[in-house]
Amino acid sequence: MDILLFNLIWVIPLLTVLVCIPIPASHAKLLRGLHTASASAVLLMVCYLAYRVFMLSGTPASDAASPLVLRFLTDIPWLTMFNAHYIVGADGLNILLLALTAFIVWGGVLVSYNIKGNQKVFFALIQLLATSVYGVYMSFDLVLFFVFYEMEALCMYLMIACYGSGRRDYGGKKLTLTLAFGSSMILATLFGLYFESGANSWNLIEIAKTTIPMEFQMWAFPLMFMGFAVSSSLFPFHFWSPDGHSAAPTAVSMLAAGVMMKMGAYGCLRVAMFLMPEAAKVWLPYVVALLIFNVVLGPFIALRHKDLKYITAYSSISHLGLIFLGLAAMTPVGLRGASLQMISHGFLTGLFFATIGMIYERTHTRDITEMGGIMRKMPFLGVGFVIAGFAGLGLPGFSGFIAESNIFIGAFQQESTLTRIVTILAILSITTTAVYILQTANRMLHGPLPQKYEGLTDGCFREKLVIVVLVACLLFIGVCPGPFADLLDQSIAPIFAKISAATQPVTSGIGG
Amino acid sequence: MFDFNIPGFIVPDILLLIFPFIVIGSRLFCSAQSKVPWRIANIGFIAIFVLLNLIPIATGEGRFFITNWRVDDFGVLMREVLMVSAILGIWFAKDYFEHGADGKPQMHQIAEFIGAIAFATFGGFTVVSACDMLTLFLGLEIATIPMYALTAWNKKDQLGSEAATKYILMGSVATAFELFGFSYLYGFAGSLHFSEIQAAVATGTSPLLWVAVLFLFCGIGFKLTLFPFYTWAPDVYEGAPTPVTAVLSVTSKATAIAFLAVLVFGPLQPVIDKINPLIALLAGTTLFVGNLGALKQSRLRRFMAYSSIAQAGYIMVALLGPEATAKTAIIYYLFVYAVSNYLAFFIFGIIGHHREETFASLRGLSKQDVNLAIALAISMFSLAGIPPLAGFFGKFHLFFCGAANGHYMLVAFAVLNNVLALFYYIQLIKSAWVDEPDGHLTPLRLTKRQRGVIILLSVMVVILGFLPFLSNNVFAGFNF
Amino acid sequence: MNLLNCLVLAFLLFGIGVWGLMRRRHLIGMLISIELMLNAANINFISFAYFTAHDATAGALFSIFVIAVTACEMAIALAIIVTMYRRHKSLDADQLRDLHD
Amino acid sequence: MFPNLSIPGLQMPDLPFAFPMGGMDLAFYAVAIVMLITAVFTVAVKNILQSAVFLIFSFVATAILYMLLHAEFIALAQVMVYVGGVVIFVVFTILLTSRLGEDAFTTKIPRVFAAFALSIAFVFVMVKCILPTPEIASGTVSAATDYSSLENISLRLLGYDVSGFIIPFEVVSVLLLMTLICAITVARRSKDEMEPNPKEVK
Amino acid sequence: MINDTTLGYLILILPFLTFAINGLFLGNKNAKAAAGLAVTFNGLAFASAAMVAFHYFTSVVAPQKVVLFDHSFIPFAGELVARIGMLIDPLSVMMLVVVTFISFMVNIYSIGYMREDRAMGRFFALLSLFSFSMLGLVVATNLFQMFIFWELVGVSSYLLIGFWYHKPSAVSASKQAFILTRFADSFFLLGIVLVSYVVGSFDFTTINSLTMFPFRNETIDMGICVMSKSSALILGSILIFTGGWGKSAMFPMHIWLPNAMEGPTPVSSIIHSATMVVAGVYLVARLFPFFAVCGDSLTLIMWVGAFTMVFAAVIACTQKDIKRILAYSTLSQLGYMMFALGACKIGQAIITTGWTASTFHIFTHAFFKCSLFLIAGSLIHQVHTNDLDAMGGLRKKMPLTYACALISIFAISGIPPFSGFFSKDEIILAAFQGQHYAVFALALLTSGLTTFYMFRLFFLAFHGEPRHEGVKAGHVHEDFFMTLPVVILAIPALLSGILGKGLFEHFFTPGKLHVPTMLKLAHAEWIPFVAIGVAVLALLIAWFLYASPKAKIQRALDDTNRCGIYKIIYHKFYFDEMYYTVVRQFIFGGVARVSRAFNDYVIEGLLAFSIWFIHKLGDLVRTAQAGYLPFYLGTLIVGVLIWRFFGQLPL
């Protein structure tokens, strides 16, 4: 039953699209209702399954030899031509990311009620995107994984270019092509994994049981890691994200920044680092040098921007840099921090983009210099934005703080010189984050209200609901991180075990 | 002695052979505008396709007819691809015989047209059935010569005759190359039979062999539009009548790659390692140049020409793999490519019936007919190799072949080029989805047949990728 | 007279064909050059058949087929050129530039 | 078993080229020179009609070469098809398309030289490719004198066994027929070509 | 019977509930209910805190630490577990009582003060959020919990300073406050990470019982250099102190505090005088044994404190904004507390007089400073301005307020028997005992300055002729809700010194120290008399300048003809401007501009270049495609040559 439900996660959005095909686009209400219902259903399912995974924790996996403890494991032969299987399963890490996705998709559907243009196509694309993201997190077969991973490009361009604003074609193209560039790097190495590992299987678990030759790892790992990192906007492949996000409609920004950018980091952890730990140990201490841009300079750039979405995009860049810092730490705490940051940042940035979208819908501008004092007219949205801001700057009580503290502590345990420097810089740059977030919030929400905004109204019930739910998620993780940490620890343990078992010594544990 | 019990597997070939005469003959009994030839052709082609599907595949060495006509599983599936191309080709061509399009006048003589396509298809059949170089050569010529004529079909079209002239002049030079290649191969092995050539190649090599390989690859490079022999393609694709372009881009390419597959995995099998660098270089340069050329196009057919040049480069990657995988990959990819390509051409055709076939005419398509725009996006994304569309799985299979023998660099290069390809396919999608129309749009009228075909092809592009359909023929269970 | 002489002769003939192909502007002139090239290939076949091939008849056969195919190609080519002439009223290869990027 | 028609005593083992001696060799060189000179004239003369005439000579020379190589039947076919068919066809076309075959187009000198250089380079490179082949320079002949006799050819052509060529024989008939249809379709003037099609005008 | 653990929970939960209920449900629409709820719950919290304090001090465990509860929050690795707990020792109990009491008083006061504000519900919610955070901070059992609540305190301070968000000055002040403290906090966090990495625990008990010996020989790579772990610990202690440095607004991170006076006065009184700003002092006091082993950092603390003390006092003498004077006075008093902690170090030895004095001063200062702010609030509420120019002559209109103000000002000036005298005297004594004579002299000087500027304020506000139209017209009156807390606060301002002295001397020691404690301390009985003398002298000067019949008040208030030094001091040594230039223009402006330029020109430029390059290559391909047949034919021939040479065939 649970297995069926689990597999339905990605099927339901697809079915919704199919069901909606015969409905003419003029029945917008019906379409919206259907999509909302399907998104809500998936949300409930995922929450239930996450609960099930939590309750199952501690019990051994069905396959004792498997290095990963997976629940709801499904393995069906699929494309026999190249030995691809349909393998899906859940562990702590991906079920939480699935839950995150379900929340963001649900929010994305709800905030898009007023989108201009052909709503039928738009919602169908959202559901397709949802399918792809669900699929990425669920699959343990590399072909399946990649199929879902690259599927996003198909939806992304259309959604941004047709429903976006500003330089939508440019932004959409930049985003899609850069992401495709990243996935092309991944694809090239995937073949290598299949053939060089000797497993002759796309099954992640099977490949993990083998040791991949070091010569192959040495070039494949950076290629694959960077490939994944492109979608998580690691410097120097971050350039797609500000333009892409700013051009995208609200729901797409939410999905892109909230869940899609995590797919890269997830891939880095789940595929690149898990399968090629030896090379990871060699390369990652150098990769952190790139984070100086993401973590330290990212916030500064955000400071210079006036467009809300650009600011948020650079904020995302810096937050995602922290994920990589956690990954590069290669300690259990760091990895857990990185995973927590994926989830936390998903909710956070979802909330950010949701509120920005709602405000933009009313003010028709995203330039913060043109706004001011709209807190008085839109207290609810304003508070939502401020909360997102506080969560973003790592205020205790919100999930961001939990994630960041894990990352900082974890990264500090990694004793390579470069990592240490970057960790220190990262800790110190929480100030810059505060600066741009407060500057934005102040300019936009506070101060005198311009005459033209006298007629603004606060969010409606639907919008408030989205904000409340996302804030609740942020708070829930922030206030009671224990269960999340437990869930993540279970799924990170095998990854860390693989890393620590790799031949080259890596520092771990606490000094003194 | 002659065996009057004609074996079942040869029936489709024979049917196809006599078929053009029936179609052309039927013209004698009806008017010039009659649909009878087209209907007969339709029924016949579909019948042949179904019959082909009845042949069970995976029978190892294959079956022989009169000892030198080989029907193996690769051949059967290749025949199916060619038939699909032919069927879609005549479906597509139908409209062009009813009214002009894209500034070109209406076409005439549909029966002969269908006959020529059938002949070209038969040429492909011959290539995959060949057991000796002579048959192979003749097959290739049969597949090519009707294409010259088809290109010049529209006699009132200046561009068509120009294209045909360029095509046949260059094609003849390529034939000369090929003949040189064959002659040296013959000189090297002293025989025309593949088995004997293979034995000779296995015992030792000589410069004659390599000169032969060089000339053969250069000659077929022309037909497969490999670098730098592709130069005819953009001009001919643009100048030829649109249905001919469509057929050209699929049938001709399928025949050429089948020719290479037959050669590389047949007589040249023992020295395949030595040829692999050449294949890899041809593949790499071709797909790169094709992609580069397509970047800034504005006319749809010329754009599709460059796109198909790039696709030829991709498909060459498969030749680097182990035989069985490579052949499966080639077939699979051709099938997918045929479907996606025809889908694109069908849409361009509809546009072309009302406007010029340029990027600019696509503007506002998503507002005018969103389903058409969706179909266009599907075909473009499939050609670009974006999952979950069939094009992705096709390309994946090709790269899988390349990687199976360790050609990671080439695969990486090809995959990176995919990004470039995505760039220009997106340009086209952008025209249809994003750009505002210049002014008033002439309404697009789709016939039921057009709509049906577009839906059919779109659905195929979407679901083909998921289905492992190549394990056997669809109807092979009947086993006649 | 040996095989090499014949092969070199064929190449020279091919080379002359190439030269003609490149220097001619007249389409029929080009076709004539192509004829020379195809003829060269035929010389190859016969030479190989005569000097080295253990299946000599096959080579001879092939060259007969080549002659046939060449004739076919010529026929189509000339047909196309005639059509072309009717449209363009010229057979200048350099003027065929309506199709370009 | 097979008669060696060259004179082995005069061969210089160091050189890849056999020194031209003997009747056959002399005949070969004579034919070769004639063939090449006529070929050069074919491509070099200004008048396209003259070019066609030189082509005939070249083809005839080739036919003579075939006879030297004991391929009499092929020589016959060469003369019949090429000289009797193709070239006449070419001449007709020339006459059909231009005024008495006068070549109106002059080619610029640089282009002539560029073309010449390219072809020379091509020949040079290709000949260099085949030179290292060991058996190529020996004057041995492996073929039986009747290898291209009508009997041999027809037996093989219609043979059903592995070495038979019945399939290509059938296939080439398809090719010829197809060419016929295509050529006629392309070349003939359609009725509506004479007067503009009313539909087209609309 | 409710046990202490339950009370402990109650202390934390009640303010939080107030925040949650007010913020989520009551809001601005049910302002009265919100106010009632806030007062009730904070009162209950105070009662609980008082009961806990009573139980604790009367129990046998009294000076020892008691942990009421300690829940695991996130386990990191091994011993490194972040916990949320409640630590009870004399220091935290004292703080609990102070915070809950002040919070209770301020809540009552706000009923009056915020009566006309539209966003009263929000105000009470945020005030309770602050109380909750502050309480969480003071009962922290470990560094991590401290940091959590430290940040929450910061954010509630931010929200309350910017409470009137339509006022640009308030908004920018709140931003400045948050960013400056956040800047300090980033070092604090780094310190926590570093110390926890070296020590392997966040727990105060573990950290406070450290000895340096095990760390001497181990090294740690700090990126820029490799240092021994003991040096790393010293660095860590300084980093942790930096957190307190910012939060307690020590020089040069002091500028946010005077600007924070843009917030509503009750906020200033609770956050920016009585409780939050002492968090820095509290932090050092809490980790005192740790700082003691990291000896050198204490010297730093002392000098930072001492300098701020004098610096702020000098500025306070010239200000005219009543709240700013109080703010600078707070800074100065915080300087006292800070340097007292630092002054505990004599060479390698440590005495504890300063620690006791400092915590005592926290206690007394909270009452009189809160009271002063509330009084200032009352005045502002009546005259609608902060400016001393507009006050004067309020003595008769607000007699109760006047009396209470007098008590508090005597207290801050260190006049016996008011509370300030006892604690300040002890601090000065600590400086003397610590043999830091320069600091001792500065402390005495500042004591005089304090008396001077406080009485300057007092005389200008209450004495003389009324200078405000409203006062002249008699519109001024005393509000019940605003006067009641003032009066109540006056009692501890008067008595907490006498009553608390014994308590502090008995119970208040910093815990087990791991450095040799000097036994013999100089007993300088003359110090109180000198201090009183200085204070009285200063009082007289102030009276002479501002209240005596001969005083030229108009001239004193006139800014036009001032000498240079006065001007510099009046403009706070131009520190705000310097900050603006350095931070805004140079750091955030410059670095941000450079990074954006790097991004926009270098990265995007490379991207554009590669796209351009590819397009150029595409053009090349297209150029070849000129439709020129001879060229096409040439490509065929050349192609054969190309692949002959590059095709890697074994030719």
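All chains are identified by letter, namely A, B, C, D and E, in their written order; residue positions are counted from 1 within each chain.
The rule is short, and it goes like this: a residue touches a chain if its C-beta (ideal position, glycine included) is under 8 Å from a C-beta of that chain, and two chains touch if they have at least 3 such contacts.
Keep in mind the model is a prediction, meaning the values are calculated, not measured.
Listed by label, the chains that touch chain B and also chain C are D, E.
When each chain is reduced to the average of its Cα atoms, E sits farthest from chain B. Should one ask which of C-D and A-E has more C-beta pairs in contact, the pair is C-D. When chain centres are taken as C-alpha averages, the shortest distance to the whole-protein C-alpha average belongs to A. Comparing the CA-atom centres of all chains against that of chain C, the greatest distance is found for E. One inter-chain figure worth recording: chain A and chain E are separated by 37 Å, centre to centre, where each centre is the mean of the chain's CA atoms.
Taking each chain's centre as the average of its CA atoms, chain B and chain E sit 77 Å apart. Per-chain Cα centroids separate chain C from chain E by 95 Å. The centroid of the Cα atoms in chain A and the matching centroid in chain B are 42 Å apart. Counting partner chains per residue, chain E shows two or more touched chains at residues 622, 625, 627, 629-630, 633-634, 637-638, 640, 644, 651.
Counting partner chains per residue, chain C has residues 14, 17-18, 21-22, 25, 30-31, 42, 47, 49, 52-55, 58, 61, 65, 69, 72, 76, 79-81, 83, 86, 93-94, 96, 98-101 touching two or more of them.
Chain A has no residue in contact with two or more other chains.
Under the contact rule defined at the top, the touching pairs of chains are A-B, A-E, B-C, B-D, B-E, C-D, C-E, D-E. Across the complex, chain A meets chain B through its residues 25, 78-82, 118, 121, 143, 146-148, 150-151, 153-154, 157-158, 161-162, 168-169, 173, 176-177, 180-181, 184-185, 187-188, 191-192, 194-195, 223.
In the complex of the two chains, the chain E residues touching chain B come out as 614-615, 617-622, 624-625, 627, 629, 631-633, 635-640, 642-644, 646-651.
On the chain C side of its complex with chain D, the touching residues are 1-9, 11-26, 28-29, 31-33, 35-36, 39, 42-43, 46-47, 49-58, 60-61, 63-65, 67-72, 74-76, 78-83, 85-86, 91-92, 94.
Every residue of chain E that touches chain D in the complex is listed here, in rising order: 630, 634, 637-638, 640-641, 644, 651. Residue ranges on chain D touching chain E, taken from their complex, read 111, 118-119, 121-122, 125-126, 129.
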